[in-house]
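Same chain, two partners: chain A is paired with chain B first, then with chain C.
Our next item is the complex of A and B:
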């Protein structure tokens, strides 16, 4: 019994990192109606960013999140300008395909540089032991960092002018423009923040598990599941749904073979998508 | 009438040449190149029915190809069915599966549907990777003796080649037939404005489920033939997400919504890919180049090569459909 509990606590910790990744996707989707398919490759870039920085500056890996967040913002602006700016206002198919094209380019370049062999960030924080089970420091630190970043985003969106502008544009772009908000700037900012969140979640994952340049794809799928569970444009909802997904993973792991987990997750994804298109936290109003 | 369309005859001539030239020259390596081109054309043409005609992006189209391969191989090797029968049965089974699935996920619109198709692909892949009768993650093999029934391996390979070319021709004819039918007009109406289509009396739910199911049939048949020819199948090659995505690149490159565009894009992209893969300098950058190509097409030429041709020679619209 305590085995399940330990596994669920572990799932809860990892789930908050899933939630952080999903917040990036959810923000971009909610504000500009763009499904950002570069999400997975940016998560992978976050992992390798952490790997490179940690190799250069072997300090506490969690301090390195700050430069990664900053680099993520810059990268986000670049990706926005390359792939999204030109297709705003065109059909959703266009942005889906244009961000996907950039995804292919990032993965292609990443594969050429790092091949597809696994890497890991060799950094361990001491954890603590309860009975037979040890909770590693990395899991706890990663979950804490994810929650702090999530709360910071919430504060930014609700307490600052640029944050309020983002919410205004998400609500009604035309009305926001009439109030004197430059929607292009706001969209670029929201996209950059979304990418920075994805990169930072990748950096956090890299301190927990080994990774390859292709690892991002799995977390991208989890982000979709979480975003769809939470409904769009609810950053803290995404965090909660991420934790829920982590808990679910933790709860089933002791009972079934790991290879069945994708089937459960993606099956759940399709079912939730069809049954609760507005997320499980919103009561359906047909 | 489909017989009065010049493109119909073009398709037949094209397929006949593709079948005849390598056979006449008895050139096996040319045959292996061309069978990949034919496969690309099959995938792109059938994907076009969803993306080009109906306006629904299917990221997981390859799931039909892979499932077709599995069902076909299972029937042909474990159950000892005739190859053609097994391939047709695979097509039928997968189509029915798509119909049932489509009834559910086609309630979603736009991007939500696109995401669901990724979920379907990954769910099916992980199911097959855990499914005992199909060999779990190691997959299935075709016993060499199975080729004896078709008159030896050499003969069997040529036969599957002709069959795949046949499926390719059928794919293009199917695209053309749907395009000039009333059913096709209904699909175009859904693509342009689904709500308006409903108001005008198009039964969108049924139309969408039917086209989803139809777009599954020929790729599944092709999957059965291809994996039989290759002699083995496993979950990672049967449900290769990359190939699914490359299908979209092919379609956008050639020109979505047109019969010739889908085929042209499929053929050209396959040629480009085999060139990139064999070139020592560029083999690492296949993905980068494919991505850049897709980006340029999406941003600057949403009509693809055929759209560009239409703008250059407006009268081409009448012949090249």
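Our next item is the complex of A and C:
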């Protein structure tokens, strides 16, 4: 097996997790017009959630995603009522600042509890080997879980009443309210789902790499790139864009030093913002 | 009158036992948080054990006085900006008489700017980069063997085992590891090795998949590099989980920590260039023997000492001896005594360069190589495998 192919498969696997992380950001941004700056710290909380649950219940770590998703929903509702509800409809700067404040609080509390030293979830699944290259079971399981969660969200948004209500509010809040949809409840639900997605992506990352309470920041930046690539409010688009970003990383790294990757990613970010302001998946249908 | 005898006796006794003892303030920062946490706290434990033993014995005796050691220390968060603020604070507000370095070459280089500016003596430990000593400093004294020597022993050993090995260098993009790897690359080429791959990674890297794929593609058979504990342990875990077909892995710093054993099978076979190991037996001219140090350390902290711990304790010993030799805590006199130091402690020989172009550089101390191996009961232990004269077990090569 060639090095480039192996590198691209690795990129594809981790890209799915980037995609899942970005789905949370994209959903909130698209439905509520709120740039959620608690995204990174919630990803980190998801990592610690997995760490704590796995220490208490050393079962297959991926089964623990369900309680983490549930806790993420609750946390999302709490953050919504603390910092977002009051600034809905105001300028984006208000929600940016209020979610940034909550972000700093989470990081402050997290640093006090866990310090900024690295933690590991010591769970390993057997992988498979092709020639000299081995793909770890954890990477495969994390990518699979990310895709399952993304598909479940897509089904929820398109096949259930609350899901359709979220899409209706995203399209036209006033019209949705005239149809009897409580936009406040719908916005709270959308925010909670976005937070749960971020937490679950953090939980998946924690099974792959060591982490600290500050680790979410890097994934938050990647989520911005993915969201801009995909366009707002398109969950499956975000997953596809995440996979694309992972593949790009995988394809490029055999030829350049890994430390150049952020430069390439943010170069792409700027190019897409300028050339495809509605995302690369929107232009084709526009 | 009889009633007064006891109180007067107690007051006099108190005066005799503590009245003449003065306090000597030693300042340093510790990375209680951040990426350098594991190694830094081990170094702190070395400082603390030395302080407690010296104070229990009545303090440092110099010029007819006794000096009890008190520490002033802060969390530097593994951050150079904090180091700059905190070393200034320790000199100006806390009035530290002497300083120990923080852990790591990067933080120490920053601290050294402050201590030199205020003409304060700083013994550096846990900091091997040699460049800082070429800048014309006068009050800086290095306890660790300089970085350029770290990987030479491994390459010499590899030459005897497998002169055709293809070498990959994968290392942290930080001042210490760069200072170690650059001369090692030159030395490897000089010895005739094929340097098949070389890449530095960002200090906070957690995903090594891309670099590991490149190592495999380069057909390297030996990996040398790493940096500190957080990145080194992650790199070893991922090399193991990706089943990279390597015959030898040598990483800087991280595998020396007793915590390394917690990596399980990923720890096996990994080699670390070490400043000191409990198995090394130097005949101490001053201070405790290696066995006594290791015993006291293990009793206090329930874990065997790493070389960072030994470096911390030895820094205290060398400073203590210099103060005793100087008969004073005057900076100029103690600096002169440090310049004249050439002594063997449990940690090995310590001697500082006195030439202006490398003043304070460690020129007396020699390193060993330790490898994590399984003993007969299957327990992971660290064995000295190089130099052959000091070995406690044979090198396992190849590891798979």
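Quick note on the criterion: the second predicted complex is superposed on the first by the 282 of 286 C-alpha atoms of A that agree within 3 Å, B and C clash if a C-alpha of one lies under 4 Å from a C-alpha of the other, contacts with A are read in each partner's own complex, and residues count from 1 in each chain.
Note that in this section a contact is a pair of C-beta atoms (placed from the backbone, for glycine too) under 8 Å apart; a residue touches a chain by one contact, two chains touch by 3 or more.
Not measured: the values here are computed from a predicted model.
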| item | value |
| --- | --- |
| Clash or fit, chain B versus chain C on superposed chain A | fit |
| Touching partner for A:267 - first (chain B), second (chain C), both, neither | first |
| Which superposed partner A:109 touches (first chain B, second chain C, both, neither) | first |
| First, second, both or neither for A:18, with chain B first and chain C second | neither |
| Partner chain in contact with A:87 - chain B first, chain C second, else both or neither | first |
| First (chain B), second (chain C), both or neither touched by A:98 | first |
| First, second, both or neither for A:62, with chain B first and chain C second | neither |
| Chain B versus chain C as contact partner of A:257, first or second or both or neither | both |
| Which of chain B and chain C A:228 touches, first, second, both or neither | first |
| Which superposed partner A:35 touches (first chain B, second chain C, both, neither) | first |
| Least Cα gap, in Å, left between chain B and chain C after the two complexes are fitted on chain A | 6 |
| Residues of chain A that lie at the interface with chain B and also at the interface with chain C | 111, 257, 259, 261 |
| Of chain A, residues touching chain C in the complex | 2-3, 6-7, 10-11, 14, 111, 115-118, 120, 124, 127, 129, 132-134, 136, 138-139, 208-211, 215, 249-250, 253-254, 257-259, 261 |
| Of all residues in chain C, those that touch chain A in their complex | 32-35, 37-38, 77-78, 173, 199-202, 205-207, 209-211, 213-214, 216-217, 230, 233-234, 237, 241-245 |
| Interface residues, chain A side, partner chain B - complex | 35, 82-83, 86-87, 92-94, 96-98, 100-105, 107-109, 111-112, 217, 221, 224-225, 228, 257, 259-263, 266-267, 269-270, 273-274, 277 |
| Interface residues, chain B side, partner chain A - complex | 51, 55, 57, 104-105, 107-108, 110-112, 114-116, 118-120, 122-123, 125-127, 129-130, 137, 241, 245, 248, 252, 284-295, 298-299, 302 |
